[in-house]
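So that you can tell them apart, the chains are marked A, B and C in the order they are listed, and the count of residues begins at 1 in each.
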Amino acid sequence: MTLTEIPETAPELPVQVATPELEATNERNDRRRGFLMALPAFSFLTVFFALPLVLVVVYSFATRNRFGGTDLSGWNTDSYQELGSDLVRQVLTRSLVLAVITTVICLLLAYPFAYYMATRKIGIRNLMLVFVMIPFWTNFLVRNYAWYVILGTDGPLSQVTETVGIGPTRLLFTQAAVVLGLVYGFLPFMILPLYASIERIDGRLLEASRDLYATGAQSFRHVLLPLSLPGVVAGSILVFIPSLGAYVTPEILGGAKTTLLGSYIVTQFLTARNFPFGAALSTVLMVIMLSATIVYFRKGGRTL
Amino acid sequence: MNTTAPTTPAVSIREVTKRFGDVTAVDAVSLDIADGEFFAMLGPSGCGKTTTLRMIAGLEFPTEGSLQIFGDEVGTLPPNKRPVNTVFQNYALFPHMNVLDNVSFGLRMSGVEKKNAAMRAMDLIDLVQLTGMEKRKPNQLSGGQQQRVALARALVNKPKVLLLDEPLGALDLKLRQEMQTELKTLQRELGVSFVFVTHDQEEALTMSDRIAVMHDGELLQVGSAEELYERPVNRFVADFIGQTNLLPATVAENDMIVLDNGSKLLCPNPHAVGSKVSMSLRPESIRIGTRDAIPAPDQGTSLQGVVSDMSYLGHALLYTVKVDGLSLEVRSEPVSADRRFGPGDDVAVWWDRTADWVVPD
Amino acid sequence: MSTNAGITQPRGLTRGLLSVNAWLVYLFFYAPIVLLIIFSFSDNRNVGVWGGFTLDWYREFGDSQPTKAALWNSIQIAVASTLISVVLGTMGALALERFKFRGKQVFDALLYLPIIIPDVTMAVMMLLFFSQIAGWLGLSKGFATITLSHIAFSISFVSVVVRARLAGSDDRLEEAALDLYATRWQAFRFVTLPLIMPGILGGALLAFTLSLDDVVITQFVAGPGWTTLPVFVFGLIRKGVTPLINSVSVVMLLASTALVAVSLIAQRARGGDVV
C-alpha cells in the first residue's frame, strides 16, 4: 500500500485490570459529571423558582397587619376562608366560564383548520404552518392592543357596522371583547398540537373506515377524533391555563365590571396590599394548573 | 506495520464479564484474536457480541476481567486512548461534515495538522474508491458509499485492530455480497485484524478466518467455519450454524446409539454409555432412495421412512421424511421429475459413517 | 416537517367549508395587525380613525426619551437573560438527555414547572421573593431583579427546545468521535454542539421573544423609575391611549417578525427544522 506516511500516534497505556470496584467508580464519575452539568440550572431554579413558590404558600397562611404589611407569624387560614366570599366566587366563576368559552371557541376554529392543513401538500402545509407561527411569535401586548384599536367607539369595526346600517358596535370593555382577545392570543397554542397529532394519523385508517361503510361523520367520530384526542387535550390545556390566569387581555379589553382572577390577584398586591389573600388566590390558581397538567400527562401527553 | 512478536495476540480477553444491573450481558468470556486475523462474533441479538465489541472499543468498561491489546492492558482505558477504531452499525457518520472532514476527523483529533490530515484522508478516500465525492455530505451518498466512508474514517488512524459492528446490516443483498468480498480483500491488503459482529451466519462463514459463537452472554465455541459446521460443541451451535436435523438419542454400547423412537444406529462417539445426546445430521449429507438401494457399507447408518413433503428449490430438492415419529429434512440433487419421490412413497435414508456428529444435551 | 403522505383530501362541500374556515382564521390573525400598521400612519389623535397619512407618531417615538429608555432597558434585559438562560438551559438539557444522576426526576419536574405556571402566579412568586430577599442580596429592584425573573422562566423553554433536538440526534455520533480519539470536550465541541446548534438558536429566539413579551412579571419586580418597553406601553394604554402607542406597537411588531424571519432563513440555510 502506498499511503502518505504519518507518524503513528499510539497512546501510552497505563495498566489497570477491570474490577467491579473500578466499574462502580467509573459510573459514579459519570453520574457526578451529569450532576455537575445540571447543577447551575438546578441551583438557579431552586433559588429563583422553587423557593419563591414555597414562599407564596407560606404567605397564604400569614397575617396582614394594620399598616398594610404582612407579618410572617400568627399563622392562620383566614385567607382561604375568604375564598368563600361572594365576590371571590363571582370572580372565580367568571374566570372559569370565560376560560372554558375561550377554549371551546379555539377548539372549534382550530380543529377544522388543523385538519385542513394536514390534508394539504407538504409544501403548502409548511407554508401554512409558518403563517400560524408568525402571530405566535409577535408581541402579545401588541396583538391585544390591536383589538383595542379595532373595537374602539369610533374604531374601524364600529364604522363598518354603522355604514351597513346596524348601528355602532359597543364591544370594547365587555366580556365578549375579553374572550375575543384571549382567542386571538391563544389560538396558535390550540392549532399547533392539534396539527401535530392529526398530521401523524395514518390516512389509510380513515380510508379503511370509509371502506367499511362508515359515513364521513361516523369516521370522524370513531376514527379521526379518538386518534387526535391527545392533541385536543394538549391544546385545550395550553389555552385554558393562560386564559384562566390572564391579566393583560382583561386589563386592556375588559371593563371595570369584568374583573377576572388574574387581575384580581394583581390588585391584591399592587392596590389592596393584601399579600396573604393574594398568595392564597395564587395558590388556588397553581393547584388548578397542576391538576390540569396531571390530567394531560395521564392522557398520555408527552410534551408541552 | 507492527513490531510486536507474532505470538502476542492482537486482542486478548480473559474472563471478561459485563453486568448491567442484574443482567449479565457478557459472562466470563475468554478469547484471543490473532494479529492479522479476520474474526467474527456471531450470535442472535442480545447474545453479548456487541457488548464484547464495545468493550474492546472502550465504549463500555468491563465489570471484571482482563482485556489486552497487543499485550497492553486496556480494560479501563477510555476509547480515545485505545489503538482501535470502529465501523459503527448504520455508520454513525457525522451528518454536518462532508466526506473529507469525516475521514480526517480521527487524524485532526490526534493532533495531525490540517493539510497532512487532508492528504492522508484523500489516500483513504481513494482506497475505498470514493475519489471525487470528498465534498459531499453523508445524506448525499448511497448506503454503500456511506459504508465506505465509515470504513475509510475508521482506517485513517491506522488502528491496530479494526472493529466492525454489523457493518453490512443496512445494505441490500447484492451490495452486501459485493462488500463481503471487498472487505476481505481490504483486510488481507492491510494485514490488520478485523473483528466484526454479525447475526448473519452466512456472512460470518464466508468472510472470517475464525468465528466465535455467543449465546446468552456466554462464548460457546471458537473455531474456523469448517470446525463450527462439522464439529459443533452443542445443540445450539449445531442448530445456529447452517441447517441440521437434530435427533435426540441415548448412547449405547458397541459404538451404537438409540434414537428416542427406538431405532439403533452405528455412531462412534466419545460420550459415556447411557448419556443423553443429540445426533446432528446435515440435510445435504443424507442420501435418499428406495429401500433396496441402501449400499452395504451404510446399512448401519440408515433409516426407513415415508416421504411427507417435497419442495423443488431449483438447485436441489428438499424432502421431508417421516421416520417413526421423527421428521428428517433431506436435500438431494435435482433429478428429473420421473425419478423424484412424492408424498406417501416408502423410502430409505442413509449417510456416510463420518457424516453424523453427536452433541451432548 | 414530515414525510408522512398524510390524510387524503376531503371532497365537495366539506372541503369548501374547511377552506373557507382556513381563510377566515388567517383573516382573523392578520387583519388586526394590518389595521394597526395602517392606523399608525393616521393623522388623527383618535387611534382608530383615519385622518390622512402622517409619520408624526414615528417622529414622536424618536423624540420620546422615556420610550427610548424603556426600549434600551428591554433590549439589555432580553440579551442578558437570553445569554444566561441559553447556557444554563443547554447544560441542563445535556445533563437530562445524556446522563444519569441523583435527583434527575426532581430536576426534570422543576424544569417543567415554569412553562406551565401562569404568568400571574410567577409574578406573585417573584414579588414576594424579591421583597424578602432583595435586601439581603443587595439587589435593587430593576435590571437585576427583572433579568433574574426572566432567566427563571427562559431556562425551561431553552431546555425543552434543546432536549427535543438532542433526543433526535444519535448519541452514537459522540461515541464515534470518542472512538476516533476525540476527548470528551472535543466530541462535544466538534460533534454534539454543531448538531444541536439549531435547537440552541431556536431556544435563544424563544427566550429573547418571551423576555421582550413579558408584562406581568416585569411589572411586579421592576422598582420605581425602572421599566421595560412592554410595561411602559401597557402603562400608556391604561392611562389613556395616544397614537404614539400605535407607532411603538408597529416597531415592536416588526422587530419580532424580523427576528423570526432571520431565524427561519438561518435554519433553512443550515437545513434544519423550523422551530
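General remarks:
Note that in this section a residue touches a chain if its C-beta (ideal position, glycine included) is under 8 Å from a C-beta of that chain, and two chains touch if they have at least 3 such contacts.
As the structure is a computational prediction, the values presented were derived from the model and not from experiment.
The busiest chain interface, judged by C-beta pairs in contact, is A-C.
Chain centres computed from CA atoms place B at the largest separation from subunit A.
A separation of 55 Å divides the Cα centre of subunit A from that of subunit B. Here the spacing of subunit A and subunit C, counted between their Cα centres, is 14 Å. Taken residue by residue, subunit B touches two or more other chains at 81, 110, 157, whereas all remaining positions touch fewer. Contact with two or more other chains is made by residues 181 of subunit C. For subunit A, the set of residues that touch two or more other chains comprises 9.
Put simply, subunit C touches subunit B in their complex at residues 170, 172-173, 175-183, 186, 190-191, 194-195. Per the touch definition, subunit B reaches subunit A in the complex via residues 16, 61-67, 69, 72-77, 81-83, 107, 110-112, 116, 119-120, 123-124, 127, 157-158, 160, 189-190. Put simply, subunit C touches subunit A in their complex at residues 1-10, 14, 17-19, 21-22, 25-26, 28-30, 32-33, 35-36, 39, 46-49, 87-89, 91-92, 94-96, 98-104, 107, 110-121, 123-129, 132, 148-149, 151-152, 155-156, 159-160, 164, 181, 209, 212-213, 215-216, 220, 230, 233-234, 237-238, 241, 245-246, 249, 252-253, 256-257, 259-260, 264, 274.
Note for the complex: subunit B touches subunit C at residues 57-59, 78-81, 84-86, 88-90, 92-96, 105-106, 109-110, 153-154, 157. Those residues of subunit A that touch subunit B in the shared complex are 1-4, 6, 8-11, 13-20, 22-23, 26.
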